[in-house]
């Protein structure tokens, strides 16, 4: 798996980690147990007891500690064994890896790289479910596919015309014209104006308007998208650049999406979506979530089928098209960052 | 997989390929999409878009063309990409493999070898469901077993006495005596007389008769069988050779069967069976299909179990018996033809 | 799989091997068919016909012989082919392996090593279901885990405090103190006194008593456990050694358990349990079996989860604790015996 390790991966919704109940997840192939101790503190440990390799996620929370329920070894949230039943001395090596873990924007984020390099400023600025400006629904899907294929999907929106012909309802012109794509810090930015349009199924207008969408796609695989509908002529007025979103007359929504590689061939996809308070209410949110539910199922069918084809096609080459600019920029960035990580480890060794 | 490539493989019943609906199948491990375009024309393409390896079988027929429904590349029935949304130029290498495909005898046949070698005269002379002389039922079964094991089964009918003790109901003497087996063009011919018999469960007589069966088993794995019941003494009169089938007094049926290797360890088995119009009607066909349903399920249980034993027995040797003449002749033929194919490719390279 | 071959493995309950019905099992990765012929005699053969590798377990018993129901080869209970339909001569190599097989203590035992080394005195002295002194229930579980992990579980009872907190109900002190563990012929013996106790969920007392348990764990993976409840002070009186079990005032039970490696990663676990006639009746047996059902399901959850962690942790090391004495002694014994077997084969070759 060629993924960046020095990055924050979404491991769960905050609400999934209940108090005193260990939660198991595998990220980048590493089994991890997350738990929220008595004090409310989150911890993320390697999910494998040092004694006989039983999973700690079958364990029992005791205060802020976690006890392996096979033979009773007790772990501190930093990973050290602090009790071995029937044995006085605890060997210094009796410890599992502890992962930096942060709760923010309604997600639980885990840093998969070197703990000393963990930098909370690198957490992508997602919009949490409790954000005052947006009314958000949320969901998640597990994929039998590598995360890279889902990232690729989210980096080339020309698929909306085909995969989502029946859901998002973008027309032919969406695929036949190019969006503006440029690199940003740890990711790419995608912007596009659709002029003189009655909107799509998720953003309809009674009269022709200019519609704008923008998203950042950030390391390790987080999409943050917004936009809005503007009076006819706004696109040209701002030179097809970035409008002042507060001038949108309708249709402003926000979606945060995160792709987490579980194993080499499985992934978890988290998403929220909903309208700005000024442009919608709970009913609009429910309509949007209905559309998203249909559309994300369409992606899943296509991407899992694509994965199966890839698996039986060793050596098959891809052939990028003009729409692949975002895909190419982002994958080169992954390549560069993960190479730098490997080199850094090489120097340290 | 040691199979002959320069051969016509049954890919489907004609009726399975509806108009404008892509149909996915894997033959010899190669994913193939078959579709019947607006004009009625059949096409068979490699089921893997050149762009990002999505399956074309999730695509949409447009006229006689097929559009990949991931990012919209459009394919001609010969395999060339004729449209890339958002891109003017189409690279010359933008094409997938196209397979020769022919519809005949109610089956859709695909040539898996070099396209320039495709020779329609090599299509085995099966009897289609619309044949005026026979009233045929049909069915199919998917196997978790390599095609070779099903071929072997069909090449040694001594198994009727044991596997089909409860269905076809051939007696002990069927296994204890030998059939006449001889090579024919691209296959073997199996003939046997059963003298002075009241028949088996699928061909009963009120008085003792001579019963004759004959089948050809042809490359790549097609069984074509007929026979009939004759007056006592006919076997001896014709020297236990080939009778004039038009002299049969009853019991003439025809069965066409085809074994298609999907992957190295999975196969699809197609079959039809039914009486000659002079010797039966729809009711007889239904009785025969009931017997076949039971018998072919018996084969499947045995052959899939055999496959599992083989899989856990690396290096285990078989021990041929006197009944294996047909098996041996046919497998040698496969060996010879596939070796010649490899050598031809070697010379061409 | 590093297991001892010169040992008797439990293949089935006696009652599972009905007359004239072949029974399939895989032991140490070897497919075996067991059958009880017309005379009542048991036979165990390699489950793979010499002809085309079909499983003999799909065969038909004929007297004390077994016929392969693919093409009819007939096997004697010693493994030799005695009939090949349609063929006069039987090649001398037409034979499958025959395994020494013995029925004892309600179990069918198979010797997996060299037949000439089979020694019935090595059958562990389990208590059969028909034993006059005990009222026994029985059951079995299939594991998706290697047998070694189940053995390890049974060799370290400190897990009772954690895995079985809700079933056997051993308290904290059970895990915090050590049992007496010593080597015995082909195994280890585990003994422990619990003084001044009201018992556990499976052995409750109205007044404080001394409770004793003892088990042998024997090659290849057989646990034989008994014990009882004694007047307060008995533990000290006998120097915390072995009491005279006939002096137990209550709570004497017997459990026989056997772990059989099916394949490298699957196992079958057989068990019986129940009270001594003097200390219980059918109702007590049913209570014990209810507790065992719950407890053995708890073990299965933990051990199969442990197996999955091990499978995704190549190279991960275990860290034995003070409670692992029995585990270590037994695994060293397996190591020693299997190494001697390999050396013996080396000398013989």
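Read from first to last, the chains carry the letters A, B and C; within each, the first residue is number 1.
The rule is simple: contacts are C-beta pairs under 8 Å (C-beta built on N, C-alpha and C of every residue); 3 or more make two chains touch, one makes a residue touch a chain.
All values reported here derive from a predicted model rather than from experimental measurement.
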Chain copies touching (chain A, chain C) - same or different residues, decided at half shared: different
Equivalent-chain rotation between chain B and chain A, CA atoms, steps of 5 degrees: 120
Distance between the centres, which are taken as Cα means, of chain C and chain A, whole angstrom: 48
Junction residues of chain C - those touching two or more other chains: none
Complex contact set, residues of chain C against chain B: 26, 29, 31, 47-48, 50-55, 58, 67-73, 84-87, 91, 93-94
Touch list for chain C against partner chain A, complex: 152, 156, 158-159, 161-163, 165, 172, 175-178, 301-302, 305-306, 308-310, 312-313, 316, 318-323
